[in-house]
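Right, one structure below, let's go through it.
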Amino acid sequence: MRHQIVSDDLRAPEMAEAVEKCVHCGFCLAACPTYNLLGEEMDSPRGRIYLMKNVLEENLPAAEAQPYIDRCLGCMACVPACPSGVEYGDLLVGYRALQEKQRQRPPLDALARKLICETLPYPRRFRLAALSGKLGKALLPVLPDAFASMLSLLPDKLPPARPLPAVLPAQGERRGKVALLLGCVQQVLAPEISHAAAQVLARNGVEVHMPRQQGCCGSILLHVGEEEQARDIARRNFGCIPADVDAIITTAAGCGSGMKDYELLFKGQADAARAAAFSHRVIDFSAYLARLGLRETTAGFSSQRRVVYQDACHLLHAQSHQSEPRALLNGIANLRLVEIADAGMCCGSAGTYNIDQPEIAAELSRRKVASILAAEPDLVVSGNIGCITQLRQEFARQNLTLPVAHIAEVLLQAAPA
Amino acid sequence: MNRAIYDALETIYPAERILMRDAQLLPYESDALTAFNTKPGAVVIPLNEDEIIATVRLCHELDLPFVARGSGTSLSGGSLPIADGLVIGLNRLNRIKRLDPRQRIAVVEPGVVNLHISQAAQPYGLYYAPDPSSQSICTIGGNIAFNSGGAHCLKYGMTSNHVLGLKVVLADGAVTEFGGESLEGVGIGPDVIGLFIGSEGLFGIALEITVRLMPQPERYRTVLAAYDDLGCAGDAVSMVVASGLLPGAMEIMDRLAIKAAEASVNAGYPDAEALLIVELEGEAPQVEAEFEQLNGIIAESGAFETRVAQSEEERARIWKGRKSAFSAVGRLSPDYIVQDGVVPRSRLGEALLEINALKQNYGLDVANVFHAGDGNLHPLILYDGREPGALRKAEQLAGEILALCVALGGSITGEHGIGMEKRDYMPAMFSEEELDIMQALRRAIDPKEIANRGKMFPGGEAPALALQGMHPLEQQGVISRE
Amino acid sequence: MTANTLRGTSEIQDCVRSNERVHVVGNGSKSALHPQSGGAALADVSALSGIVEYQPSEYTVTVRAGTPVAEIAAALAEQGQYLPFDPLLPDCATIGGTVASNLSGSRRYRYGGLRDFILGAAVVDGAGRAFRVGGKVVKNSAGFDLSKFLVGSLGQYAIMTELTFKVFPDVPRFRSLSFRYEQLDAALDAIATISGSAYELDALDLLPPPPANKGEQAQGWALMARLGGFAETLPQRAERFVESVKRETATMEVRELDEADELWNPLAGLRGAAVVKVVLSPRQVPALDAAIKRSQRRYGVGGNVAWVATDDLAALERALLDAGLRGLCLLGAVERPIIGAPVERQLSARVKQVLDPQRKLV
């Protein structure tokens, strides 16, 4: 589409290019969860591109377009669906960052958002907040919506903190050396994931570095348009992750895709080259392992299990990892992988989306769980803490006992004794 | 949009299903043809057929022009809104009401996505045959309005050939039903289904559609042949036809189209001047025998490379490349016009040569993708709208290509419809009297000309694709064209 | 009635302009369509005959409306092609009459009926205007598709002068088989199974048991299937098909049929005061059949058409009305050709208003 985007924003060229490449064909509509739910053009990728274009062209006040841009999950399902190669993420992330600077939020919203931005990326703060959240839950009925949705996501009890060693040596002949990103939310809510990932890697001959100083990758902040803060927090990792590792492994989808976007995030910054070099080494756990190849065949399960693999949007759409996790799971004896309908549709987790847009998130979860149940699995596996939490909550709400595990945990469980 | 109209709409819809804010209307101002954009007065989102009927009756009463819209994928501007008119968004009427595998029919609402019917029928070994490239998102209602085709039309026809029954609301609010579940459709009495389908939304809105489902073929053989000359690919099609084979599809793409498709979906196409896709389908023994015959023809036709899909995935990849080709051209050029002319198959080569000469005259790139079995050409004229006069030049070239198709004994549209884009070329195909008769028919059904006003017929009050100068409405700033 | 033999478009225009009521006729092969009433001028278009344009490589043929179907079939056969809708009365009908009455034969089962193969037409309407509808190429979506509307229009909206069809390559060889079923339900189950399978049949018709003589055992329903294709693949295809039908359906007996001329003529052997085409779906067969048990009948196109011969038309019409079905009388002396459920009027009445405002064409 032609446009008259005039902006001196650093990201304007990428944003303009995304608009230019869009031919308004509508192929993205089929892939978009909010369009599927709401059925209105402005809640589709094509519609949002059109709205952002009009705001950037100063034809439309940003506030008018805002509700529809806010409803975008950022799941990126529209990107692989787009024949003309629109980098929707470049437009959306740039646009959100641009708007966030100018945006006036209502006081309670702003407070809730501030709380998110100041706690989630910091494991220690988040842990404290989560513990006090238990107190908050008692107050749930009297709290405003913005807080209610945040609190309802917190678990009833937190697992104990389990520190990991700074280095886990490779077992047997060394086949690789990696750094493992421990994440922020994940460290508090599910420390067992990193434990499992580190062990599986070590068993497969990979030396795993887990520097204590590491922190959040900043993706969660980037996702909501807090660009400055995202950069600050990301820089901390540049310093502490060894320069000589083969790869920087993530076990959460959003971290991986966010770190792969550092090039754009640091565009024009003094440390742009460093960010790019860092970013190029980032790879998801399942992709790294599938490429490396499991050293030994796994022992597998003692009896037949039907397993649904839940694709995280930021693995499937943003990083194109569809086959790798499936290949790993298919290698496990007595594990039967069953595909579900609409596997590419977001489960509603989407970073902080379940906090910002609880109703849409809840409906997406309901639909996702319905598709999963139709496949009659014994176990659900995912590569992303967000999806895992979202599904566990929806299962609990429906009084279902179906277990949900991270792929690293399943590989560890199925490993030879 | 005035207050009285809003108040009247409010008697049918809750406020949240009447869209009137700028941010709600802007995304509706174009369909897949962005050369035109017009902001509607309002968009309403009905949830059932009673709401559609009430809306049409209201429009008739208030002289309010309306456009029914599904997913907005028309390439001819068929669902372009009318300035200050109403858009009736049908995509929430997306229920498959009944799927009867024994009778092999599905009864669906107009907002059902084409591909969803095949997906629902798949467990029973059935599918819905018409497969426009946008099948993953385009709706049956739109397919009916434009008699949509696809790559597999040669053997089993277009939308019209797969609809057995229809319930419609005519533009003046009358509700009528025709056909049923029989393969004969209407069967006795004039074929009103055939008349309604392809009427481009000028007669009214389809409310309920009974489509026929077909058994999935037992075997596909999908052959990809690469040529270093576009003419050779065209000749190969003639050879296949002359041999007495009846493939399910025969498609040709030229170098530019191959490049775009390859960049888009990594279909694994060979590097060639032209690619021919031939797909045989049917009972395994018959298809295998035909395949042997086809191989002989392709070998003789001068293909420098031939590939045969070895799995369903490979077949899907070949088709994904082809079906993404139009939009993929967005990678090569900021703007383009898709044409949809038809020529007699035997004159394909002639048409291609002539298009080649034309594009050189105009200094514009043209990518060619076509349904060779049907003689249905889709030249994509690439231009950069930022260059002054580029659009006009592209439009002129498009006009010459359409004139060429008519001169060769063909049609100005095979499957995209006239819509907004080609309405000024109607006189090239129809005499004044023929156009008058069609207009009279339209007025007999829609005396106030409110249903999709401004489409199909030349002239009229909506913005015209004028070849010289600005349209008066453009000058006044009422409409704009990018 | 005054008969006018018309040889060209202008003569037809004159005829329409100079008469108050006009009734068009070709070879008159369907007696029921020409009721002896009203004093309309008879426009005989059988002389408007001949193939105008036939290009085998285009899969299209353009013919004058009065051309005998047999002549077209012969010309196409020379090039190994055919009219896939399989005109019903190939020996005596004209193509115009076949379109006007929408009479496809058994082979329409494979690729579709008349409406699926008509591409365009030249007509003279009730106002005496001569014009074209549709196109001449296999694919065209410009303008309203009035050519399809002519199918089944019984000459009441416009008189066709020229018609263009899509044609297909014909198959070189056929095999016909018959499967016997004790009860109608079992035969209909078999139709559902076969029609939903990947076996591509040329035709699938169902014949009721012939009336049994005293003491003889009832012979059951005969489901006739026809396969067409390459000679070398037919034996294997037939074998696979028969095995599948034996496995999946309750057939009592399988017989090979002789590909005789009349085998696939659905009207063969139907004797009665009137012969009627009924349009229905397989689901509606049992109810109709229960009501017309004593009539000679044949269910064609996988149970989507019934051909019925009856001596009691009033009883048949009652049965059709009860079942919500419609019939077209082809042969016999009848008051009006269409019986049973009324035809759609909302849309067709408006076409009539435009094409024949003075209601001349009857």
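Going by the order they are written in, the chains are A, B and C; count residues from 1 in each one.
Here is the rule we use: contacts are C-beta pairs under 8 Å (C-beta built on N, C-alpha and C of every residue); 3 or more make two chains touch, one makes a residue touch a chain.
Model, not experiment: these values are computed from the prediction.
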Ask   = Looking at A-B and B-C, which one has the bigger number of contacting C-beta pairs?
value = B-C
Query = Measuring between mean CA coordinates, which chain is farthest from chain B?
reply = A
Request  = Identify the chain whose mean C-alpha position lies nearest to the mean of all protein C-alpha atoms shown.
outcome  = B
Length of the line joining the C-alpha centres of chain A and chain C, rounded to whole Å = 61
Task = Mind checking the centre-to-centre distance between chain A and chain B? Centres are C-alpha means, answer in whole Å.
result = 38
Ask   = With chain centres defined as C-alpha means, what is the inter-centre distance between chain B and chain C in Å?
value = 30
Ask   = Okay, in this complex, where on chain A does chain B touch?
value = 1-2, 20-27, 29-30, 39-42, 44, 46-47, 50-51, 54, 59-60, 64-65, 67-68, 82-86
Of all residues in chain C, those that touch chain B in their complex = 55-60, 80, 102, 104, 111-113, 115-116, 125, 129, 131-133, 135-154, 157, 168-169, 192, 195-200, 229-230, 232-233, 236-237, 240, 277, 279-283, 301-302, 304-305, 326-328, 338, 343-348, 350-351, 353-355
Request  = Enumerate the contact residues on chain B facing chain C in the complex.
outcome  = 101-105, 124-126, 146-147, 149, 153-158, 160-161, 170, 174-178, 180-199, 203, 215-218, 238, 241-242, 244-246, 282-283, 285-286, 288-290, 342-346, 371, 374-376, 409-418, 422, 426, 429-431, 433-434, 437-438, 440-442, 444-445, 456
Touching residues on chain B, where the partner in the complex is chain A = 19, 21-24, 26-28, 30-32, 34, 43, 45, 71-73, 89, 91-92, 94, 111, 113, 115, 134, 136-138, 263-265, 324-331, 334-336, 385-386, 482
